[in-house]
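Letters A, B and C mark the chains in the order given here, with residues in each chain numbered from 1 onward.
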Amino acid sequence: MNLLTITDLNLSIHKSDILRDVSLTVGQGEIVAVTGESGSGKSMTALAVMQLLPDLSTSSGSIQLDGTELTAVSEADMCALRGSAVGMVFQEPMTALNPVKTIGDQVAETILIHKAMPPARAKERAREVLERVGLSADKFPLSRFPHELSGGQRQRVVIAMAIALRPKLLIADEPTTALDVTTQAQILDLLKGLVKEENMGLLMITHDLAVVSDMADRIVVMRRGEIVETGATKHLLAHMQHPYTKMLFAASGHLVNLPTPPEPTPLLKVQNAVRDYQLPRTSLFAKPGHYRAVNDVSFTLHRGERLGLVGESGCGKSTLTRAILGLEPLQGGQIHLDGAPVFSGHSPNLDVRRKMQVVFQDPFGSFNPRHRVDRLITEPFFLLDTPPKGIARKDAIAQALTAVGLHPDDAYKYIHEFSGGQRQRIAIARALIIRPELILFDEAVSALDVSVRAQILDLLAELCTAYDLTYLFISHDLSVVRTVTDRVMVMQAGEIVEQGVTESVFTNPQHPYTKSLIAAAPRLPDLTPTSKEPVQ
Amino acid sequence: MNRNLIIGTTLSSLVIFAALLSFIWTPYAHTAMNIPEKLQSPNWQHWFGTDHFGRDIFSMIMVGARTSIAVALVAVSIGIGIGVPLGLTAAARKGSWLDEIIMRGNDLVFAFPAIVIAILITAVFGAGAINAIIAIGIFNIPVFARVTRGAALSLWERDFILSARVAGKSSARISFEHILPNVMNLLIVQGTIQFSLGILAEAGLSYVGLGAQPPTPSWGRMLADAQTMVSFAPHLALIPGVAIILTVLGLNLLGDGLRDYLDPRLRIARS
Amino acid sequence: MLRYSLKRLMSLILSLAVASLVIFLVIEVAPGDPASFMLGINAQPDTVAALRTELGLDVPKTQRYLTWVSNMLNGDFGTSYTYRTSVATMIADRMWVSLPLALYALVLSTLIAFPAGIYAAARRGKAGDMAVMGATQLGVAVPNFWFAMMMVLVFAINLRWFSAGGFVGWDKGLWAGLHSLTLPAISLALPQAAILARVMRSSLLDILGEDFMRTARAKGLSRRQALWRHGVRNAMIPVLTIIGLQFSFLLAGSIIIEQVFYLPGLGRLVFQAISSRDLIVVESVVMLLVFAVIVVNFIVDLTYAAVDPRLRSRT
């Protein structure tokens, strides 16, 4: 008997079609993963079950939960079902909790709103569930406020709220996407355990195919509002039918071939770098404290080498990036690029600056929305003594755009006319245009869909051959770093705990932290050999 | 075009037109007294009636618009001219002692409402339209500094600013090239709102005698004169009041309309 | 919490110190010689000299400032030149009109604005919202003293529900006092209520878009429950800032409104003082107004911490 049965669900918002003929089922104790890229409608499917769709949306079709037709239920009755019959966990734990209420009150609220227990008993139950999700009473009393917890701990609170009344169905919308790998592994374990113990159904929405393959009993693949393929995990992995499914899995495990790096000659030298941040004053008279974001970091990056830097959020990799770019001073040690110090006080040393460029993560925030592409990508010309003008400038723009797979005419468009992947190409064009010696990629592919990510990785590999690129690739995504770097460094709490040839670090990690990182990272199952072919 | 923008633009341009026209033409000289025709209700000769000296209210309203607009415009310019650079500097040097001083200074000015500044200035230097301008202008400085700093701070967090820094640009250059154009919409909207508040403030100051002095006509003083006659000549109070309301309403609608029109998020949604 | 309060207290004291310095500089330093300024051009030299001694102008400016501040701390605001009485007593009498008026208006404004703002936000885009927004758009544009004149015309002159002006005094009883302040308070409060309602509405709408509101809905709260339990308190944070600012507008506004209703408040006092060049009175009244504004903002800062736990634990 199925717990949740969605039949022929159609949904449109503002007259644009979001979902078309979506049908799926979730049984008791079953984990069903809905996957797909952005715009596939997977999150809307989840919200449709909760009947929490945005205003102005119209839907048809049937959603049955445990025999109740949810599309026919009144809003008041639906309120009674939400939280008691079906619970939901969201993507962003940092904002999913009310900042002005204690975690105890927020968990107990689920119980009290349904008048399931008297207040005193509700408090006890809140305590119980918080214990169940791994937040012990001594460290996490009910009186804690959300801002006192980390992202992973907050996600545990959100899960506690969702399961407080033992709903039969739990919906999790990208529950671990915002979390670090080690935290992700713990949360996924928690969810798996809950499903087993409580015999719940879990409808999990995620874009991460490795997570899907690891967690789900059944997989539903969606594209542009439609289900393209569905099946039991093992069976589907072994016998993919739809080309989109095949492409998706191939792109997730996409590998690129880098040219062999030349003989090592040092380009970037980081010696015992230390970066402290001043903490806000605790009192007017006490000396302000310090937070050491980068602690005694040393490494050398050679010409033509592709070096990776991995670590979880807050490990100091972004701080290190800014220090290398010469944007912030060091409190100890030195960073030299081609023999010259990168930081030169208040006025930047253009001779050094022109030798490096950077590509950032967010394809939406890295461009001034008011400038056209030609002006955007020629900004680094500011670093040159005699920037090209007229025809030469035009040629340089055309060349850079062509190199990243765009058209020279794109120079006259504004940035909002481009997709996320195209914007990342433009960001690379901007970095390439003055032919720097070194490019820093700061999480440059992390915000992209897998298929787009695969294309950008291919572009990187091509550029390596064409331009002899040297780069530092900073990322939290181990699988990406593994394929686009020759050497890798692992950073934890401001220190480099391990560095070495990429392949050997991944196959034979030495430091316990590296081991735990690699163990926690979800892996794609070994699929058919087709996954090694480049994506078209 | 949205409705707010249309109504707002119409009302505002009507007032500005009346003010400009008053330089070359008014139905009567606004200072011309004509005692036999005093205290007339609106009629064909005097569209808005006459006051206790027989002066033509319509003409006075037209010339009064001039005073209101001039005072508010200069006051807003003072606010923008000083406040925006301060806000940009504070944001570019976030957390430094300079930022601290600018923001503390702002807090301090907020403790002095425009009328209190006007009282201080008037007590020492005497009353006049210039004092009203200075008083309202000083009060506008922290408003613009704050708005600019707030918007600029969030822009400084964006990656495109980091890219500009990587391109070796100084913070002054970045403020001018990247930050200012991106806060411009906000400033236009805030400017319209402060303009309307300036008109209200000018009316208030003139009403209590801290603003424009006779013979300079002003809506606020017309109201002060009307006060003792409100029971038998209510139009004397009604007409300048409605003039103020329509002007302020027009500017506020214009501000709201501009905000919707200029909001880049909405524009992307449209394209 | 204690540390936060102490920090705010430090900044309160600092603001007061700087504000008093500014006022001192404008009033006692800017005119050159205050004594001859106050007496006018035709004053006899010995009268000026006498006043100089009386005002203590012989001593250096720094010392004069310190004396002025320390005297104020002891409740001594000096002697009015024109009335020859203690400024402190003059202010004390008037203050009991102006401050209650501003507070009364603040209470009215909040009482009107909160329900209106919450109602509009809850009914976003519907007729009720449109009506509230239209009314506030108009309310924002109305000059309070003109509105006061219209109220006098309607409720005092035509309907005779209230007297057209004057203040009966608190010794006639609380009710009588409030009654004679009601028209002025309403005229002050309505335009401010319009602003506050708009802020309340937009702040609530921002909060309604937050993730935790969706979480609340997923727990089974209805729209209304989510709005009241999770929305309103979070929306209060920006609203409190505006309430703090509004107090200073209301206090300033009450100076103007007193002119409409012939109320014997600080406004009347200060305008008389300006025309008789009584700088001592002007200086004291301005200092008192600024003091009130700064203290109210200090209270608002403390209220923030009560509403927002993040401020309490932040050091």
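Just so we're on the same page, a contact is a pair of C-beta atoms (placed from the backbone, for glycine too) under 8 Å apart; a residue touches a chain by one contact, two chains touch by 3 or more.
The shown structure was predicted, so the numbers you read here are calculated from the model rather than taken from an experiment.
Enquirer: Comparing the two chain pairs, does A-C have more C-beta contacts than B-C, or is it the other way round?
Expert: B-C
Enquirer: Taking each chain's centre as the mean of its C-alpha atoms, give the chain farthest from chain C.
Expert: Greatest centre separation from chain C goes to chain A.
Enquirer: Calculate how many whole Å lie between the centre of chain A and the centre of chain C, each centre taken as the average of the chain's C-alpha atoms.
Expert: The mean C-alpha positions of chain A and chain C differ by 49 Å.
Enquirer: Once you find the CA centre of chain B and the CA centre of chain C, what distance in Å lies between them?
Expert: Those two chain centres are 21 Å apart.
Enquirer: Could you say which residues in chain C touch two or more other chains, in rising order?
Expert: Residue numbers touching two or more other chains: none in chain C.
Enquirer: Under the touch definition given earlier, write down the residues of chain B that touch chain A in their complex.
Expert: 158-160, 162-170, 178, 181-182, 264, 268, 271
Enquirer: Using the touch definition from the top, list the residues of chain C that touch chain A in their complex.
Expert: Spelled out, the residues of chain C in touch with chain A are 3, 7, 10, 210-212, 214-222, 225, 229-230, 233-234, 307-310, 313-315.
Enquirer: Name, in rising order, each residue of chain B that touches chain C in their complex.
Expert: Contact set of chain B toward chain C: 104, 107-108, 110-116, 119-125, 196, 200, 203-204, 207-209, 220, 223-224, 226-227, 230-231, 234, 237-238, 240-241, 244-246, 248-249, 252-253.
Enquirer: Would you tell me which residues of chain C are touching chain B in their complex?
Expert: Spelled out, the residues of chain C in touch with chain B are 11, 14-15, 18-19, 22-23, 26-27, 30-31, 37, 137-138, 140-146, 149-150, 152-153, 157, 245, 248-249, 251-253, 255-256, 259-260, 267, 270-271, 273-274, 277, 279, 282, 285-286, 289-290, 293-294, 297.
Enquirer: Taking the complex as given, what residues does chain A use to touch chain C?
Expert: Against chain C, chain A makes touches at 50, 52, 75-76, 79-84, 87-88, 90, 92, 95-101, 109-110, 113-114, 145, 147-148, 158, 161-162, 280, 282-284.
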